[in-house]
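So the structure is just underneath, and the comments pick up after that.
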């Protein structure tokens, strides 16, 4: 396949700018609400190490829930299949912050991308690692190939102060026996992880490793087999977009993950990874223009995995 | 890719036979409970028109919910994107026969593969077609390339007599305004559709059309664009295995659909379609050996779409 | 206690008329929507056979769910404590037509006053009686002391045509094994029962028997012990007002039952029974002015049972 | 009414001892599990200041959820009807510790006797009072007429260490905006309140005030009108026994409240209050023998309020 990806990204940018300006910047985290709503960036990188970009692709933004993919990769590397005793692999069929299902299913979150599941993943990291924070940053820096990756402590603090529902999740799961570490330690780590800032380019680089099966997956000592990487991709496709995961599979057809910072990263195995950023979200919590850009991308490149 | 698929199917058959004999034949439909639990067949056909098979691959069995893919293809062809106003594309996150979600979501089923969704699809066919039953059989016969496809009226009758929950679904959705036709007509059609009998070979043939993007999808006048076919595949991946869809994506990594008759059909785009049959089901309603066979197949052939 | 009940009823009528005219006549049953919204009647009768009334107390109206008390009294008389294996005695904590709880609790309705529970009660009458319809009318005529009690067949037909949710309930419970008779027979009987028409005077007479423990409870051969009558009263207090039962106990403090025709009947043991009618309903399905009238009555007479 | 209450209590004790020894001492609070399971005491006191007792009626036990009645009386006295904007008066229809309903109903607990509701009541006390703990003990000492009432700090500590679900409730409600004070302060106060120890005699004394309408209700400055006291009684009847409130109304017919320490207190207005203690609980969390004793009491004395 030879594609003029740069031309396609430019077409997408034009078409996106012609769209009505829908959606709302996440406002439940006060610090995030300060981001300029008009930002738009996109970066695509291929297994041949080509790079294509438009817009604010080199501007750092809060990756939020996209970070759950990184902590999950680490925990999967540490525990292997045993991880799935503590968190499921099924789509939730409910908004990403629902506590109902957790109660009915005995404190086992449906999957690692609902908040409760991501908190269990953090609990695993805290139990298994001597210096989990150092390991996390070593891992994401190795993944992105950039040492300039850290978290925004103002955002982390802002999230902690408003994150009562996540606190409820942790205590609920502690009540059901699926949380080992102290609530405060888990939440501190979780908010740091969510407040990591990356550019579209860095995210695309990190996600390319999920699609380049010719290369071993190993970052800062956390390694996954090809089969495990494919399983992570399957999880992203089934569960990566909150209660809109089916829509993303249906309309875009790539494995990916979104965050309420407005970012989406996705991978087309054996060919490319792509990251897009636009802060305005739809009512499901996904970037309106990010989602639409990727729908345009797979339509124009016929790169749906199906 | 050149693979010795015949050798691989034979290996799978051997490995499957060595497994403990778990699961239970569906017994809520009395007529289905009469099937010999030891049946096992598998058929794989490629876009190059090659055919590989082991076991009872030429024996007819009740395709049950696999039929939902066919009626959906017809309704999608008839209504296009308007179909999704009446049925969603999100995984259900609940067992396949749950009425709870339907109540909370105003009679709009989560997707066309939960029973309620398949009943809405039938409602569409009854409204749009002059002779929907004739069209259904023309469609499946064209899809399979076999005129020898019909339904088992004893099974259909047996299902109707015990299908109180489906009757409840239809009336519930009528109460919410999402069903137009008479309950009895919908249910009669639905049970005929579910009672269609096919062989593994016929199922594999029919599913190959979902993966051969070089050929137009058009059967008995019902046509889909390549993009629409890919969307059907996405729906199968997200929602095709009841409350185990995530597991199937995770472990097998193909778009597919299962039925309580013990069949599973799946497609690996641009390369092959496969059907497997083994009547014993796990507690989620999926064929134990069918699921495991396909996990072995994609592991051995490295054919996960991810 | 000597009270000038006539003066109190007149005060209530004046105060009620001074209130803002809130609420809506039930419109999901087209025939009921034709009733004049301004009707207001109230009748109080004592264990000393005194009668007090204001307004349209002698006008017939559709008693709707109040009829559930009568069919329940008959079924309780027939089965005794065995009845409670098929229907519970707990408040539902959900709107009166919720199917969710039914699914979680295996087809056993929470109590006999939710629609599903009333349908089980009808199922009992159909199984136990040779001519259940004749028995029902013999019972209600004996209870009211009036031969002029029958049902409105236009309302019954109107309800049947729009009662898809009740049809769903019956089939759901049949699926779970808690319904024996044919759905159509149960629903026909149920809609006749709900379409019974009475005056406030007749309702008050019938309810006085639940509060006059000096007299045996026996109508048309259906008898209850004093203890059983008290248990019916307890059920009315806990569950008689849909999702507003707590409010009624809290603000009025009497055992009673409401219907979407705008009627409420209630009993103050050893002293009086009262019925009130005003068609406009609040969003919980209870008569706005009926509820308020009874709150005024128990405040003025200090007759809360607590 | 002249009753030989002493004889009746003795009959009850004999009959209770002849029953099979069912139930289990609460074991989720380790300290409570140490109580001897064979304890049984009962105390009845009348509005004429008569006292009747059998068994361990003078032994202190952990009143647990019965304490919710006392904190509610205080909060109701402080806020009046405004209290019901923050907590409902409807039965929950779910087990006492369910978080599901809370999520669906925006953090407004169904009633003040589910744990979430009792935590909101505590939040009110912490906001409204300068020294809430001193006020609580002044109130309960005045209610019981005994200065010898305090809490067991070992039990309070034991509850706090295992009370993850209550912590989840508080944070869930904070997320929804219905909790003002710090989680830790609320929980500390709540566990002290639940760990209050009383004898059957003290409990009966305190509950008699809810049934003696000739006397003003005023303890340590917290006063309620007669109408407010009746409303508290209505709440106890509708919601006082977790998911068995309907059963208690149905079989006993008194306003009352139970606790997982095995105590139940109840009131028959204008005549008596009664408290019973037996530590073994049924699966709904109510004292098996306590419940049965009160059923015998109202049967023998015909004292159901209905």
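A few remarks follow.
Which chain is which? They are A, B, C and D, in the order written, and residues in each are numbered from 1.
Just so we're on the same page, a contact is a pair of C-beta atoms (placed from the backbone, for glycine too) under 8 Å apart; a residue touches a chain by one contact, two chains touch by 3 or more.
For clarity, every value in this text was computed on a predicted model and none was experimentally measured.
The minimum number of touch steps separating chain A from chain C is 2. Between the chain pairs C-D and B-C, more C-beta pairs are in contact across C-D.
Distances between chain centres, each the mean of the C-alpha atoms, put D farthest from chain B. The rotation relating chain B to chain D, fitted on Cα atoms, comes to 180°, given as a multiple of 5. Each chain gets a centre from the mean of its Cα atoms; for chain B and chain D, those two points are 55 Å apart. Chain geometry summary: the mean Cα position of chain B and that of chain C are 48 Å apart. Separation between the centroids of chain C and chain D, computed from CA atoms only, is 32 Å. Shared interface positions of chain A, defined as residues touching 2 or more other chains, are absent. Shown are all chain pairs that touch, namely A-B, A-D, B-C, C-D.
Only residues 88-94, 101, 110-111, 226-227, 229-231, 233-235, 237-239, 243-247, 249-251, 253, 255, 269, 299, 302, 304-306 of chain C touch chain D when the two sit together in their complex. Residue ranges of chain C in contact with chain B, taken from their complex: 98-100, 103-104, 164-165, 167-172, 174-175, 183.
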